[in-house]
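The same chain A turns up in both complexes below, where it pairs with chain B and then with chain C.
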Partner chain A sequence: MQELVPHTTAIRPSPFSSLRARYFSTPLNGAVTLVCATVALWLLWSAFDWAVLHAVFGTGQREACLAAEGACWSVVSSRWRIVLFGLYPFEEQWRSGLACLVMGAVIALSCAPWFWNARRLPLLWVTGFATFYLLMRGGFFGLPVVTEQNWGGLSLTLFIFAAVCILGMPLAICFALLRRSKLPWIARTMALVIDTIRSLPLLSIMFTFAIVLPFVLPGWLTGDKLYRVIVGYALFFACYQAEIIRGGIQALPAGQEEAAMALGLGYWHRVGYIVLPQAFKNALPPTINQVVITFKETSLVTIIGFFDVMASGRAASGTAEWNFAVIEIYVFVALIFFVFVFSLSRYGAYLERRLDVGRR
Partner chain B sequence: MKILTGLLLTGTALATPVFADVAADSRLNTVLDRGTLMCSGHNGSFLGFAEVDDKGNWKGVDIDLCRALAAGLFGTSEGHLEIVPVSWAQRWPALQSGDIDVVIKVSGWTQSRDTELNLSFSRPYFIGAFQAMSPASLGAESIADLDGGSMCAAAGTSTERALATYLESNGIQAEVLTFENGDELRNAYFEGRCDGYVEWAPSLAAARVDAPDGAEAHTILPDVIDLEAEGIIVPETDPDWLDVQNWMISSLWFAEANGITSENVDEIKANPTSSAIEKFLGVTPGYGERLGLSDDWAYNMIKEVGNFAEIYDRNIGAGSPYNLPRGVNALYSDGGVFFPMIID
Partner chain C sequence: MSDTAIHIAQMQKFYGSFHVLKDINLDVARGEKIVICGPSGSGKSTLIRCINRLEEHQSGTIEVMGTALDDNVHHIDEIRREAGMVFQNFNLFPHMSVLDNCTLAPMLVRKTPRAEAEETAMRYLERVKIPDQARKYPGQLSGGQQQRVAIARALCMNPEIMLFDEPTSALDPEMIAEVLDVMVGLAQEGMTMVCVTHEMGFARQVADRVIFMADGQILEQAPPAEFFGAPRNERTRAFLGQVLGH
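Let's look at the complex of A and B:
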């Protein structure tokens, strides 16, 4: 007679029983689940109803929009060029679009591990940035010059973001190293500078660089308003990022640097091969955080009269025909920000997995 | 007296060479040398005064005045005008630092701006009334009828202050709700959160056109809470540059008063009906030279943007979706407050 073997699979809970165990274990839990699910479904349904079922699509459907109850996506299809390109001359907007693509490609490429190399990465960024600038500015091969005054929309936002990161990151490394200098007066001065800038609001720094500096600096040093703001913003970014990097450096066991010294490595080798790579690995989550914040805060430049993606969004709805469709434009701008910020943070999560930050 | 006349004559003789009477450091010379006028735009839009069309081109009353100025200075605004987007907070510093040459940005003439900020205002080109809009169903015919109700206004603006003063001095009891953002304010009114919506008349007209329940469901009450005179602004130390602004506005009114439009300006130039018009259009010399401009500057201006009525109708008047009546902004002959200065 064969012995009965207990059937193991029977113990595994069926999907239904796990659902019951997790969400309906007691009458109270069941009620809470039901209420929350109803509210969530109702919210989703209303959003879907507004955004799709009762929405008006197609270009120039102003009359239909005024009559409709749902969203008016017609404003986006009629005015999307203003949101993306701002005041860039209409016939030349392909250049602005192409420049955005180039910038996007550079950002995407620099995410690939093959480019993580002290020679390839700077080369990629410098080439990408130069292409972006030349395309936007023009003035060669018969492309008409478009001055920075007329740059706008998404390409301006990307330009400011990229320029701040390119300038700010090396500056941040310098600041962090200076702050850790063995000479007290250098370390203290740097600490004072960093803390001073960190205790000022970004808006006031931008305002100072855009508006106050021209009164103070000699004319040849003033430069275009856009570049002054970028320099100010990069300084602000560098101060925060320097503290993040310093945190990453201080998390390293002292033995790492001492061992490098014992091996006879010079200062730059120690910093470049031992300290910074590990510090960056430690500081990766807050660095991604800082980059995301930097991207989002570019919209502060509207205050000093730049036509970034937020301002051009307002210009897109700010006309007699479309003044009622403000929400739709804001949703569109929010989507643009979402696409960028969400990819940035997902990329950060991928990096953390890859570098195994959690375990070390 | 003879000495005085003599002095004046010598003065005139010295001033005869073109541009000679314009101060060397005047913004006028800077602009003419540079070959472009940098005029104030917006970071976003201001309905009817500075908007962006589907192709990203600026339009509006303020923008047309910028175009008129550029056309007067250079013969045409094409290639000679840059609209620099500036925010509200930035307009004065941008003017002082030279980022822009002139502020044409629906800016009210107030005492503190005129004195403490060292700005010079041209004659007003637009009188903006603060008025109230109310749902027609309430049957209100004046603000006094809203006694005991609530009013919505933009927070921290001159509108809010003017409304408080008005309510106080007229003994009207009303709750004032304020909103930071113009869109929020408008939505609050259309959602029925207040009985009166207090705003600048052109904005009220714009909101009424787009009312979700139709324009007829809302009435703009005739009471004027306060008036704001919008002028063109230049730095205080530059009378020559200010003269150009004043005479530009006066020219637009002069053309309107004499029926000169962008359509018929060539005909009238060929057969001027009076010596003043002859001078105005540059047929006989003097009108531009005294300002340091070419004598046909007013002709170029009218040819490009038209007279004041054309600018108004195209952007906020009958020819636009806002359909705002001229009202107090008409010429004196039509019941308004504007009049051209004398051309001698």
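Let's look at the complex of A and C:
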């Protein structure tokens, strides 16, 4: 390889000359560059002008907002509680807030390699999730019970996301292992199930589980609509994640399992100590990607009538008082998603680099 | 216990319709050292991998330390505990330290407490002359060191028999000697060994019997002096001519 790229890299061009070479190499190129730069600057300036210079801040500034040309951030500072907590009782909203912080901490801690083993990570998530659930639901130490019907906003989004991950990840591992089964009929059935579910839109799966299933299942099995949707979503997640894990397993040299067999390790020991740890390491970047997508797509539950952060946002600007400030609320909701998703995907990119460096 | 470590009789092995091993009969006594050689594709690896059921044979019998190798998983487990195996590509577990590579199977399979397993592992790592690498990961070691770890890892299970499948053929020449040294030491201590290798010097030095395979058959077997001095089979002579560079 080295001989193929001779001295070009040795002479580093100055930043200015590379700028010229790239953007102003011909008159036409230069003109295009100038036009694009002007448009970009103008867009940036208008956004800044709207969001900051002519914006109205401060709580309850409806009149000022109606008069102003810029953004009405007042709607956010007046109605943010609805976006974050939905219909959760006002007095108890600190619980919902605390629960969100707990879940955020769980997500952040999962990024630390110290937690990456088969005992710590599940323990972290199950404890975090249980804390979240108990805080939200209450019914002990004098905390009034708040049932799931009253959950909403960001806390509901986080609840659905965490439940889907906790349920979906073990399911994904099972699916991946079954698909690799030595018994052809098991492997083939599993492949069929996975491919079928993957080829259905998530929305239709959610609809089926939320609305169609109660007609099919016996009453004692139907459960709450929220949990049916979570199960459906977890199934969908598991099918995609199973394929990711299977890819990670297939990247292992056959010698790994053979060496473990030759040492006398049984199937579950081989899976638990040799195959899965290495498969997950191989599949880490796509796994993070899948988790990020799962977080984003929780917003689909609005369509089935849940007040997740998206629907709560619409509700927050849905009153006669604030119905002109829809854009501002959506910007706020988008920002919430952005914070979670962007930091997770940056983290994924960082990991990918780190793992690449670590590889021999 | 009988004197036979491995007993193979009328064993046949197919890959689909391809007849890989044809009527293999082989008895290995306890403490005996066998070297198997033969041209590429003759079925040497397949034969040695049938002994611990990494490959399944279709008919005939295989018994290891008196345990019949059949579809009973307990028998398979039993045999795998008795027979350690060393591979051409080392196959160390890259996500575990050298020490963990060595303690994993004793702790999981033999239920040895960690402290004891580590003590045993250190003893064997010393024996293969790399106790100072115990905390490193396989990727940080040279090929020769990795293969010695692989030998130590197999020995940690306290096997009666050691199976080697071309343990030195993935190594650079300067590392072959360090691995062969360990294997010679093992042979001198009386380990039962079945070793696929083209290291004819090693065969001369330690083998009790050298076996020549071609086309899935055992064509000739003899003590090394006779095998190298007066090979009877035409193909053995041709093969020896090639590997010995005559």
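Keep in mind that, in the parts below, the second predicted complex is superposed on the first by the 326 of 360 C-alpha atoms of A that agree within 3 Å, B and C clash if a C-alpha of one lies under 4 Å from a C-alpha of the other, contacts with A are read in each partner's own complex, and residues count from 1 in each chain.
One rule holds for everything that comes next: contacts are C-beta pairs under 8 Å (C-beta built on N, C-alpha and C of every residue); 3 or more make two chains touch, one makes a residue touch a chain.
What you see is a predicted model, and the numbers here were worked out from it, not measured in a lab.
A.B. asks: Taking chain A as the common reference for superposition, should the pair chain B and chain C be classed as clashing or as fitting?
C.D. replies: With chain A as the common anchor, chain B and chain C both fit in the superposed model.
A.B. asks: Touch check for A:Ser17: first (chain B), second (chain C), both, or neither?
C.D. replies: Touch status of A:Ser17: no partner.
A.B. asks: Counting touched residues of chain A, say whether chain B or chain C comes out ahead.
C.D. replies: B
A.B. asks: Mind working out whether A:Ser78 is in touch with chain B, chain C, both or neither, as first, second, both or neither?
C.D. replies: The answer is first: A:Ser78 touches chain B but not chain C.
A.B. asks: After the superposition on A, what does A:Gln250 contact: first (chain B), second (chain C), both or neither?
C.D. replies: So A:Gln250 meets neither chain B nor chain C here.
A.B. asks: Would you check which partner chain A:Asn29 touches, where first means chain B only, second means chain C only, and both and neither mean what they say?
C.D. replies: A:Asn29: touches no partner chain.
A.B. asks: Could you tell me if A:Thr196 is touching chain B, chain C, both of them or neither one (first, second, both, neither)?
C.D. replies: neither
A.B. asks: How wide is the angle at chain A between chain B and chain C, using CA centres, rounded to the nearest 10°?
C.D. replies: For this superposed arrangement the angle is about 140 degrees.
A.B. asks: Based on the superposed arrangement, let me know which partner A:Gln149 touches: chain B (first), chain C (second), both, or neither?
C.D. replies: A:Gln149 contacts chain B only, not chain C.
A.B. asks: Check whether A:Ser204 is in contact with chain B, with chain C, with both or with neither, and answer first, second, both or neither.
C.D. replies: neither
A.B. asks: Considering only C-alpha atoms, give the closest distance between chain B and chain C in the superposition, rounded to the nearest Å.
C.D. replies: After superposing on chain A, chain B and chain C come no closer than 49 Å at C-alpha.
A.B. asks: In the superposed view, which residues of chain A touch chain B and also chain C?
C.D. replies: none
A.B. asks: What part of chain A is in contact with chain B in the complex they form?
C.D. replies: For chain A paired with chain B, touching residues are 66, 78-79, 81-82, 85-90, 93, 147, 149, 152, 207, 210-212, 214-215, 225, 302-307, 311-312, 314-316, 318-321, 323-324, 326.
A.B. asks: Which stretch or stretches of chain B touch chain A in the complex?
C.D. replies: 42-48, 51-58, 82-87, 89-90, 93-94, 96-99, 183, 206-207, 209-210, 212, 320-322
A.B. asks: So in the complex, which bits of chain A are touching chain C?
C.D. replies: Where chain A meets chain C, its residues are 253, 255-256, 258-266, 269, 273-274, 277-278, 281, 360.
A.B. asks: For chain C, which residues count as touching chain A in their complex?
C.D. replies: Against chain A, chain C makes touches at 52-54, 77, 80-81, 83-85, 87, 89, 91-95, 104-105, 108-109, 139, 150, 153-154, 157, 163.
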